[in-house]
Every structure is written in structure tokens, then in C-alpha cells.
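Working notes, structure below.
So that you can tell them apart, the chains are marked A, B and C in the order they are listed, and the count of residues begins at 1 in each.
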Amino acid sequence: MRYVMSKVGLFIVTLWAAITLNFLLPRLMPGSPVDAALGKLASAGVPITNAERNAIEVQLGVPHASVFTQYADYLRNIVTLRFGTSYSYPTQTVAQTIGKALPWTLVLVGVTTIVAFVVGTLLGVYAGWHRGRASDASITVGATFFGAFPPFWLGLLLLYVAAFKYGWFPIKGGYSPGASPSWSPSFLSDALQHSVLPALTLGITTLSGWVFGMRNNMINTLGEDYVTFAEANGLRSRTIALLYAARNALLPNVTAFGLILGAVVGGSVLVEGVFSYPGVGGLLFTAVTNHDFPLMQALFLVITLSMLVAIFIVELFYVRLDPRVRSAS
Amino acid sequence: MTIITAVPPPEAPGAAAAAVPGGTARGVPGPVRFVGRALRTLWSNGKARTGMIVLGLIIVVAVFAPLLAPHSPTAATFAPYKGPSGTNLLGTTGNGQDVFSQLIYGSRISLIVGLVAGGAATFVAVTLGLIAGYRPGPVDEVLGFITSLALVIPGIPLMIILAAYLQSRSVWTIVLVVAFTSWATGARVIRSQTSTLRTREFVTSAVFSGERMLRVVFREILPNMTSLVAASFFAAATAAVLAEASLEFLGLGNPATVSWGTILYAAEQQNALLTGQWLMVLAPGLAIVLLMVSFTLINFGVDALSNPRLREK
Amino acid sequence: MALLEARGVNVAYEPNRGQRIWSVRDVDLTLEQGEFVGLVGESGCGKTTLGYALTRMLRPPARLTGGSIRFDGTDIASLSGEQLRRQRRNGFALVLQSGMNALNPVRSIGKQFGDVLKAHARPGDDVSAPGIRRRGAELLESVRLDGDVLSQFPHELSGGMRQRVSIALALALQPRLIVFDEPTTALDVIVQQAVMKMIKDLQAERGFTAILISHDLGVVLEATDRVMVMYAGRIVEDQPARVMASGRHHPYTEALLNCYGDPRADVVEIGGIPGSPPDLSQPNRGCSFAPRCPIAEDICQTADPPLSPLAPGLAACHVRARAGQVEMEASSVG
């Protein structure tokens, strides 16, 4: 119980810190992002209402108000989801734009992370158990090589080979142009086809993190006394490998989940850009290219918060894995 | 009760397992000998050896770029959008520049950013890690919290935002941004190791015998963490190379500088894949992969140095 | 037939390329069923390595480089894999130095008993959940622990309790030989006494052969029937426990005995042994103990002494062997 409470507390504090960082960032940067934002909106021919101007200023910095009033307004706006208008998509609010894109990324990143975690962990267990042998060497070298692939580069290559040259998969987007999102099976299968290449790219490049982490943990765990004792008691190899070694080696990997998730999220930004995938990463790509500050700010906040939530969920799950944490000490 | 000790206690068994190949050479300063020994040990590890060779080759290419590149990388003297040919081994860019020469000169930027940003991030990590690990208490708590926060915030999005805000577009902006976002992992590892070492007897005895804190940190603790620091450095350098390439690919770098990332940016801008210039995409990407792999391979050797269980048989 | 016959056991330890350290050199020993033997020596003398070698638990970079180990007639030195694993049931078991870490932290004690029992189940054995619970409770009872422990996790038990659980797990194999590697070193003195007594009672009840490895001569003398002293990888003395406290012995044994003071005496003299243990990476010439030995002679520097009779047991010492011979000749003459 103590563990859960401390994790909840940590989550809340980190949440607050991330929000505050997001508040401070544009105000610490040189130049005036507000003017830039307003200027861009004007040049896009978008009429700026007072409410929108207010929202942008609250996000990016009001030169004349005190920091504390700004902070209070900022927090209020966050809770009510008023992020202003982006100039890349002037017809909707930032909140709406992000709201449309978020599910795509959640599915892409979520599914890819889970699959990469499972496959990477199994490979790592196998490599660690068979350490020093050819199977270990090939897994290690393979993971090193593929893990060094810049996600956008692999995306480009896959795009070229699988989509452009051989037409096995669509070239861009989350769904065929002209189709409108719905829950119908035909749309879902269309969306699925469009997500294969981005998912493959993301998965292959982030796999190595899990593989190496697990392999190292396995090697360290195999040196522990309880593994030696299990061998002395003549337990079967498979029992020792899975229930004694891997089961314990898994624990540090779970706690390191947050780190690797960060890499996946970062990779998704690049991958979605390359595939023009309609997710949050693709939005960030667009926002940066257009110097769209309001959108960038809000995106950063959403991305960080999503990660915090995911990490928090995993940390709660850890309680089920490690009995030492379960008992109230 | 009186206790009489008849014989002085025996010295600790020293000789047995500590034989070091090469012995001690008089006249060669300590740090040099140390580096020499480290290099020799790394060389004996197969993976590290491969990594060192590849890195060495890349460094040679970077240093001798003017001699190796057939043309100037920025001279827009060729017909644009051409595929590979005799004069332009990898084709030309949209501005008529030779891609092959750009590839060769590009090694400089990637190496510099990788090593400098990696070094800066490691420096910050070591400093903060040592401070946090050495004195438990409020300083440690605060630093620990900041480190956890920095770890949770995803690196690439943060880098993108920072680079976008900082209007200037130079390599050093990128180095700064990359270093600023990559120190946290190393800091956490070093802090935990410092904290472990601090409670070891040799440190306690040094403190009791009156050594001042700075001396204890630099003479007793840091030397026992060299392989950890080296591992941090190579990991940070690897991440830095990837980050730099990513930022430039997104157009956040200086388009005038020539690096592997900017080649890929140009390739994407001119849709090189669709116009058949796939080599322009393959070559710089492969170069980035090779550089990162070489760092990682060396890191295998460094890991094996610090953790005997990971050593190759 | 003797239960365990080891001949010419050599163990090399190769931490880095090009370095080789001989941890165990040319050890011969014979153990009968039911003996309780103590293996004593200072840190680094090779006693733990020998214990691991005899139970085939050596791991790289340590290697068994020569010799034969016959357990009940079968040469176990050449076995590996599944064959070796099967031998452990009804065979030889090892209880680790620190029972604290010998238990899987994420599995309950009951499940760990299940793992051992199922791994060696023969047709006719009851390995259903209630069967395992019953057997587990029996084994726990024999080490004076309550059956409730089965549902607990290792971190919920004290150090002494974990050590007992380790012993109970080893007993699940119904072994004929158990090697106890420093079973009480990590425990405080009072718990130490309780655990040692329990081990002695178990050995008497079940009749397994036991090897007790310890650097603590006092513990060994109290518990065992026969004591073997190791120095620099060799067995230098082999005597019944009852004669160890007095009389003539190998100079190293005598020096060890000297290191103990009587806590109730008025004046306590504590001896030490001058010098330091030899470098085991060098091949040895002459007696390993000679540099530190108070009665060393010229022959000790050049010829390695074999284990020769020093009534009622054996000792590897030229000087003692000669004196022993003289006595034997004197008594046979008179």
C-alpha cells in the first residue's frame, strides 16, 4: 500500500512539474513567441478574436502581467483545455486538432510498444541464457545494428521498398484519401494496412533497448545465489531459465520502462512525419516546420502527460510482479 | 584479562590474482599508463576491437576529408538531381552539389557533435551524480527529483521544441540542445554508484584519516568509476549522433552546414526516393548507423571491463 | 564401497586470458556413507572450490582440469546436462554459504518446494498440490520450521529461517551426500549454535554423509567426526576430530589451533601466522607452507610432502612424517 501511495504522490508531483516546465519554457526563450504566433496567424488571414489572443498569450507569455497571474490563468486554461488556435489548422482549436490526432498515435505507439516489449524481452532472455554462443552473438549484433537505425531513415527505406517499389503497402497517411474515419470493418482494415509500415519501423528500431536491457539483467541474475542453488537442486533448465532467472531479470526492465517509452515516443515523431501518419507526432512535425508555437506547446504537454500516465500504470503493475513491494513493511 | 598478541597479523594476500600484463614501466606518467592499459584491455574484446577500428576509419575520413573528397561539398557546380555517375559517385543534390563529397565532409559534423555533446552530457551527469551520491540529504533529494523529471520528459520532442524556439540555426545550438536533454540517464547511474562506493571501507577510511572531500571524490571514488563514466560517455555519444541527425532531418539544423543529417533533409525535400536517387538516402543513413554501431560496440568492451560477468570467454 | 572417491582433483581458475590460478591441487579423498567430515582452512585455501567441485557445481572461469570423482561407483566428473541433473536425486546436494540469497525472491517457499519435487519426480511420486504441501510441511518440520512457512516469501523470513529452508530444500532430494558451505558464517553466534545442532541431529537421524566447510575450526571440531585441513589448495591433514585439540599435528594446523584463545583465561595469548598465503598462480616447489613454517627444513623447500601417516590419521609434512616413523620404529622395537 505504501508503494502505491508513494507512486501516486510521485505522479502528481511530476505532473505538476511537467506542466510548470511547459509554462516556463516559452517565457525563458529569446525573442517573443507571442508576437511570432500572432503575426503568423495574421498573415494566414485568420481573424483573431480577443478570446483567442488571450488564450495564446496565456500559453506563451504576456509581457505586462505578473508571472503569478499568468501562471494561474495558464493552469485554468489547461484544465479547461483552452490552448488557443493553431495557424497550421486555423479552422479548429488546438484542442480539437490534437484530439483528432491523439487516438492514432495512442494506438500506433501503444501496440508497437507492447509487441516490441514482448519480442525484445524474449530475445533478451534467450540471448542471456545462451550467452557466449552463436545465437547470443547473432542476437546481440543484430540488435546493435538495427537499434542504430535512425527511425526516419528506416521509415524512408521501408517506404521505398515496400510501398513505392513493390506497392505492398500504402505510401502515406493513416487511411486512404477520401475515406472518412468510422468504426466500420472496411475502414479499420484500411487503417490497419496503413499502420503496418510505421509500426514495423518503430518496432524494429526500439526493439534493441528491450533486448539489451533484458540480456544484461539475465546475465547478472544468472550469477545470483538462488540460480546456483536451483542448479544444485537439479531443477530443469527451462524452469531455472524462466521462473528463476528471467522472472527476476524482468523487474529492472519494468522499472526502466519509462526510459524506453521515451525513445519510442521520440521515434514516433519522426516516423509519423515520414509516413504522413495523422498522429500527434505528425502534428509536431507540421508544427515545427510552420513555427506553430501554440500547437507545439500543447503537443509537448500532451505527449509528456501521456507518457507520465503510461509510466504510472506500469509502475502500478509492478506491484503484481514483485512480492517484496507488496507487503507493507 | 590481558590479551597478548604474539605475532603481527599477516598482510592481505596481494600477489595472487592481480597480475597485470605489461607490468609497470618507470618514467611513464600514471594516467597515460592507465589509458594504455584500458585500450589494451578493450582491444582484447572482439566487439570493442571492431568498434575501435570502424571509429578509427571514420575519424581518418573526417580528418583527411579535403584529401579524400573529389570535390568541394558546397560548390554547386554540377547539374542538379543527377543519379550516380563517374564524377558524382552518389549523384547530385537539388543545388547541384556532389553528394559523395558531402558524405565525406559530413563525417566531421557528426563526429564533433557526437563527441562534444556526448562529452558535455557526461560531464554534467558526472558532476551532478557525484554531488547527489556523495552527500545524502536535501541536495540529493532535489537532484534526484530533477533527474527523474528529466528522464520522464521525452528527449526528441523536447529537443525539437527547444531547437524551434532558439531561433539560431547553428551546430552549436544542436550540441547544446542535445547535451541538455541527455544527461539524466548517466546522472542516475553515477549517483547510485557513488552512493554505493561512499559506504565502502576504503572511502570511510580515507575520510577518517582526514582527507578532504574533494580529494576523496577525485582520488578514491572517481577512479573506481572510470568504466562507468566511459560507458555513459559512449552511450551519450551514440544518442547524440542520432539526435543530431534527427534534428537536421526535421530542418532544425543549419542548411548551409554539411552533415549526414542535412543530406537526408535535402533528400526528403527533393523526394529523392521517388526520383530514383535512393543512394542519396541509403549512404548517409548507413554512415550514421556505422558511427553509432562503433560507439555501441566499444561500449560492450567497456561494460565487460566493469562487470566481469559480462566478459567474453 | 566408499560413497565418494576422488582422485587427483585439480581445479584451475582462469579470470583473464593468460592467467591461471590453481585453486585445488591434486586432491585425493575417500568418504564412507554416514561420515561427518569437516573441511577447514583460511579464505582462499580452496575448500569451497573443492566442495563445489565434488558436487559438480563449478562454473566458468573455474574448471575441473583433471582427476576422477566416483560417487557410489559412477564417475560424475565426466557427466553433464540431463544425466548430471538426474544424479542429484538421491545423490549429492549443496547448501550454499548464505542461505539468505539462496531462495528465489519472487516465488513462495511452497512453490520452490514444488519446483524441486517435480524436477525429480518418479512415477508413483505424488506431485499434486496437496502432495507437495504435505511433503513440504514434513521437510520443514525436520528443520524445526512451521508448515505455514510454505505460503510465505523469502523476504518475510529471517536469515536463520532462510538457511533452514535451504537445508530443507536440499533434503527434498533425499541426498546421500550433503556439502554445507559455511552454513553458519552469516549468522550470529546463538543462531549459529541452533543451526549447527540441527544439522548434526539431521545427520545422525538420516545417515547422510556430510561435508562441513568452514574457516571456523571451533565449529568444525564440535560438530564433525573427521577433520581435513586445507592449505593452498591441498589437503595437509586428515584426522579424527577427537585428536585435533591436542598432540602433534601439521605445523599449519597447530598454528591455526594457536589462533584461538580461551575467553575465560586470565592471560590470553593470541598467536598469528607470519607471512601471507602463497601465490596460487605459480607452480609450486616444495611444501607450500614452508615459507611460514617454524620447523621447516631444507627438504621442505624442494620436495612437496605427500600425505603420510601421522597416527591416527594423515599429514603432509616431512618433519612430522619422519618423527612419526621414528616413533613407530621405537615402539615396534621396544
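As a convention for this text, a contact is a pair of C-beta atoms (placed from the backbone, for glycine too) under 8 Å apart; a residue touches a chain by one contact, two chains touch by 3 or more.
The structure displayed is predicted, hence computed values, not measured ones.
When every chain is represented by the mean of its C-alpha atoms, the one lying closest to the mean of all protein C-alpha atoms is B. Using the mean of the Cα atoms as each chain's centre, the chain most removed from subunit B is C.
Remark: subunit A and subunit B have CA centroids separated by 24 Å (rounded to whole angstrom).
Centroids of subunit B and subunit C (each the mean of its C-alpha atoms) stand 48 Å apart. Each chain gets one centre point, the mean of its Cα atoms, and the points for subunit A and subunit C are 54 Å apart. Looking at subunit B, residues 313 sit in touch with two or more other chains. In the complex of the two chains, the subunit A residues touching subunit C come out as 224-226, 228-236, 239, 243-244, 247-248, 251, 321-324, 327. Those residues of subunit B lying in contact with subunit A across their complex are 47, 145, 148-149, 151-158, 160-162, 164-167, 185, 238, 242, 245-246, 249-252, 264, 267-268, 273-274, 278, 281-282, 285, 288-289, 292-293, 296-297, 300, 303, 307, 309-310, 312-313. For subunit A in complex with subunit B, the residues that touch the partner chain are 10, 13-14, 17-18, 21, 25-26, 29-31, 33, 132, 140, 144-145, 147-153, 156-157, 159-160, 164, 216, 219-220, 222-223, 258-259, 261-263, 265-267, 269-270, 273-274, 284-285, 288-289, 291, 293, 296-297, 299-300, 303-304, 307-308, 311. Chain contact summary for the complex, subunit C toward subunit A: residues 55, 57, 59, 85-89, 93-94, 96-98, 101-108, 115-116, 119-120, 153, 155-156, 166, 169-170, 172-173.
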